[in-house]
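Some structures are shown below for you to check.
Both complexes below contain chain A, partnered by chain B and then by chain C.
What follows is the complex of A and B.
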């Protein structure tokens, strides 16, 4: 029962990790899409800008052409070429042709493969004089000496600056993409944590429960967790019912054993009085002693069942601990007298009241005193004291018995666990269990120690004050 | 000195070796030998030796063991050497910004970047291939004596009015570049035609006065000093030396003043780009500007002055300069210029 719960479950993956990984993959995809679309769009925008300037330049040259003295005459406007140098320091080439014959410019500048149509310039990217160039071609008709000729103007510009701009934009787009990924990655982490927080809270609230807390879980949960919670609660209900049945069974059994035992004891007492032979009297005494032990054990089983039952629905009434202690001591008096044991009681003045179940606390005190008497030698003293300690009242019971021995003292609080040094004394191993459960049900504690004034044990029962 | 070239010719690696046998026309040539030379820097330049020799020597003082072979050529000859003949040079310096731009645009220049070139203002470099190291205004130089009794002109319109109203005084005493033969003159004239319509009126007036046409600024300045010329138009202002002569005067045009940027570049034919880079750094380093200015008399790059004086307009490096190099455009321009300047 007090073994720590070890999950015999190995985790297969993590919900949070799965969630984060999926969100990160989505973020990465979106980042790539963002990068590609931004850099493509920017590159196209830059190319369109260059095309527009080239077209304007070619148009300016084309419009400056006129017919003069039976031939085409061209006076290139200064702005036609200088506009190309306004934005970047690109190399500039041009070529003017009349019906395919170059009249001025760079005669080796290649024309785009797609010939331009009227008012429909054609563009091409090609290599000229060792550099990549963008070429525009425009065409217009011009009448020279009653004859219509085609005037083709080519203007070309290198693309080194454009490539640099594209690279800069690509780098910026990449930075934006990476930034987007980092931000969305961080947000995914938070989102995954938030989404799984109710699960964590539920797990924590279940894990925090006491060993005997089988009340249904009442925390609010998101709809996805409700089926789990319902199943958990129904499971705990069944467990509780099953435990209850067991305890009831034990109590019933103990009760049924105790009544005939009382009859046996009474008969044995009567028989003892009539028996004269010392040998037979001894036998009868042993019978009585054995019956007493059995009755005691049955009583403790009953007590334990009662503690379990009453702890579940703990009564919260205020009572006087000192008075309760005196009553209990009075009750154990005859048993102590048999061994000539004196019980000394002291209580701090103005202690105040304790809130809880008086019947349970009395049962706990009785078990403590019972133990003390049982393990004390004849003609010894048991000291019972009640002292205030902060917001708690502490009952200490000191005897001059054999103490707890060398074993693990905490273990003694477990059910049916007994000390290593008490094999010769009959006992059920339930006494300290009952005390411990009562203490815990009240939010108090049971502490076991050796008697600091010589031999014997010292037991502290701490209960919170009202 | 010539040994590397002989060796190169012998191994057949180089057919168009720079040297006396080159097809382009060399005006001046000088070796700047040093003892134990480890390398020879080949320079082709439009700048006169008289101006550049101290600079070369200053470079050699800072870079021991470097011999220099310096060739002076006209800007067109420089273009021919690099563009058509693919002559081997480590450095090309020129006042013809348009031709330098064309060389870079058409792929004849090497890209060079260094911490020093990065300090140049943006308008003073192009594509990290063409680097400006001087800013030289195109001015009108007049002889005060010739203008006696007349108000000094403050802008082109006033100059035009003066010339027009006093033909007897200025007949054959006006000089300017012959733009047909001078690359720099062509650059100045084309930039003038962009700046203002007054250029064509001025050309017409000068043509009517039967203006003298020159190849170079130095001669025009000399003729103003000697009194042969009353006005020399579009002269490089920094060439004017006032040594004791208080008759020569530079007209501070308030309408606009074109600023020519003398530029340096590393031709693609170089075989020692690192050494060439050192020379570029030497010319463009801000800390060298005072020294270069003192040694050569050329005005250094000075962004602050340009900001203060609104009339100073540096000619912008860039593809715009290619426009006036267009064969058809050049023909048109020269025809217009000729009909204005050379009148029957």
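What follows is the complex of A and C.
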């Protein structure tokens, strides 16, 4: 569990992408609508313009007709046709009829199906001589010799130019649509990013936390995120409670196991005083040793559990290694005194601090010193030194004991593995395992060697400096 | 010295009272915090031995209160809980030392001595026999105006003899007091320490006699058999 945590979560789509896609679809629809409406409107405007001119032209021709004696005279005014030329180079056709009889123009120019009424011209798009044309028909009453006749004027114009104009307008409208789409696409990307920023911030603030930091998240969040935040905080609450229960359980288990053993041991020690027979005394001593053995094993097992537990949730605070070592040595002093063992301590000046779990490091140091005292002969000296080595602090513990014996030294770091030469000393085979675990949890190492100054063991605990 | 033991396990308490009594300490035993507080109100103690899990509360709460009060009696915490995290917590609360159950009595004695030495300095509890002055806290013996430093086992040997001058102690009794049970010691190892102590007592009117086949005793010169 010390490896970097790999999330067991595979992303199913992205909120941002979903938001962007939706916004883009909307933008595309709007662009199409924009394009259609712009081009339709422009086409209609062009058509209306053509119609208006056609109507004006027809009206001008119609106005030019006059009744004289029994006849209708018509001089087609130049302006009536030249105004049509203003639209573009289109061909223009006309036809003037009096009561349905063509008097001038193209007799085959078809009239719109809807007949025009007075002051209400009718329009139609039709095909004339192979070209699409727009035709307008106007009608006017003229009185000729007391008789009222219907003067119908048709004016038509081809629409090739208009189609070209429509195309230009469509292209322009498409350009506007595409531009609109691009702009709104960019804006929706920004909008999606902005909308999701609180989510990113929340994720960052959770990710930045230390392993032991189970305080509730107290960031301002938009109302949509509040339920998530509440759920997260309540989850962390439960996690914290569960972690505390684990620590408490281990401590409690130790208590349950050790208390009865303590009673047995104390009573055995008292009983031993009244035992005289050497054989019985030997038995009693063995009982006490067995109690020590089992209580030490139980204690170390639980310590090991605690160390593993804490390593998995490694706290990272800066602490003074030298001070910690002095404390630990002071703690073990009375035990060393029992065998008249002197512990000499030296530390390089200006060592700097170590970052990690001080409780674990102290536990590691205590195990090293415990071992040194246990395996040292009476009236010997243990040397503890802390030296700086590159970016690390190296604690060395040298004793004048029996050393590590034959066999693979590295093996001693394994669980329940003890040296080949220590059968007569009570031990659990977990001491160095604990130290090794603490060292590795902190990114350091434990090295075992022989004391270069004569016999005995030398162990190095290396920890990275903060 | 007078100790107060606050421990709810009656058998363990009895054993501790018994053993520390061998060193000449008077130990009052309280089975819970209330009784302990009561004892402290009426008697002055040199040292408190405090269990953590007690029927009427947590020893750590007591420790916290004790430390904020005016009472400066040193406290050694006895606990059966996991050492890894508890030790630091208890020392932070102001305990002078800490020992995990089950403990070796020799270690308990050593820790008591270390705490008392830190608190009181030496020369407070000197023992006198004839012209020999023994300071168990300071770890010295003065004979004929000459002061000798004592090594730990020599000190404990003298402690045993001074607790009952003229009494004969068997080799096995002395082994039990001087060595931890983790060690395989032959009873003859005692001879080495007796020899050393004799050397340090030279010139005085006190000697350590060998009673053949029985053991040793400390007596005045010229009163032997």
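To be clear about the criterion, the second predicted complex is superposed on the first by the 246 of 466 C-alpha atoms of A that agree within 3 Å, B and C clash if a C-alpha of one lies under 4 Å from a C-alpha of the other, contacts with A are read in each partner's own complex, and residues count from 1 in each chain.
Operating definition for what follows: a contact is a pair of C-beta atoms (placed from the backbone, for glycine too) under 8 Å apart; a residue touches a chain by one contact, two chains touch by 3 or more.
These numbers come from a predicted model, not from an experiment.
Asks: What is the contact status of A:195 with respect to chain B (first) and chain C (second): first, second, both, or neither?
Replies: The answer is neither, since A:195 touches no partner chain.
Asks: Between chain B and chain C, point out the one touching more chain A residues.
Replies: C
Asks: Contact-wise, after the overlay, does A:252 reach chain B, chain C, both or neither (first, second, both, neither)?
Replies: A:252 sits against chain C, while chain B stays out of touch.
Asks: First (chain B), second (chain C), both or neither: which does A:103 touch?
Replies: Touch status of A:103: first partner only.
Asks: Just checking: does A:379 make contact with chain B only, chain C only, both, or neither of them? Give me first, second, both or neither.
Replies: second
Asks: Return first, second, both or neither, reflecting whether A:261 touches chain B, chain C, both chains, or no partner chain.
Replies: After superposing on A, A:261 lies in contact with chain C but is clear of chain B.
Asks: Tell me the contact category for A:217 with respect to chain B and chain C: first, second, both or neither.
Replies: After superposing on A, A:217 lies clear of both chain B and chain C.
Asks: What part of chain A is shared between its chain B contacts and its chain C contacts?
Replies: none
Asks: So in the complex, which bits of chain A are touching chain B?
Replies: Touch residues, chain A against chain B: 73-82, 84-85, 89-93, 96, 103-105, 129-131.
Asks: Taking the complex as given, what residues does chain A use to touch chain C?
Replies: Going by the criterion above, the answer is residues 247, 250-252, 254-259, 261-267, 269-270, 272-273, 276, 278, 281, 285, 288-289, 291-292, 295, 299, 302-303, 306-307, 310, 327, 331, 333-335, 337-340, 358-360, 362-363, 366, 374, 378-379, 424-426.
Asks: With touch defined as at the start, can you tell me which chain C residues reach chain A in the complex?
Replies: 9, 11-12, 15-16, 18-19, 53, 79-88, 91, 97-98, 100-107, 110-111, 113-114, 151-153, 172-173, 176, 180-182, 184
Asks: Give the list of chain B residues in touch with chain A in this complex.
Replies: 104-107, 126-127, 194, 316, 318-320, 322-324, 326-329, 332
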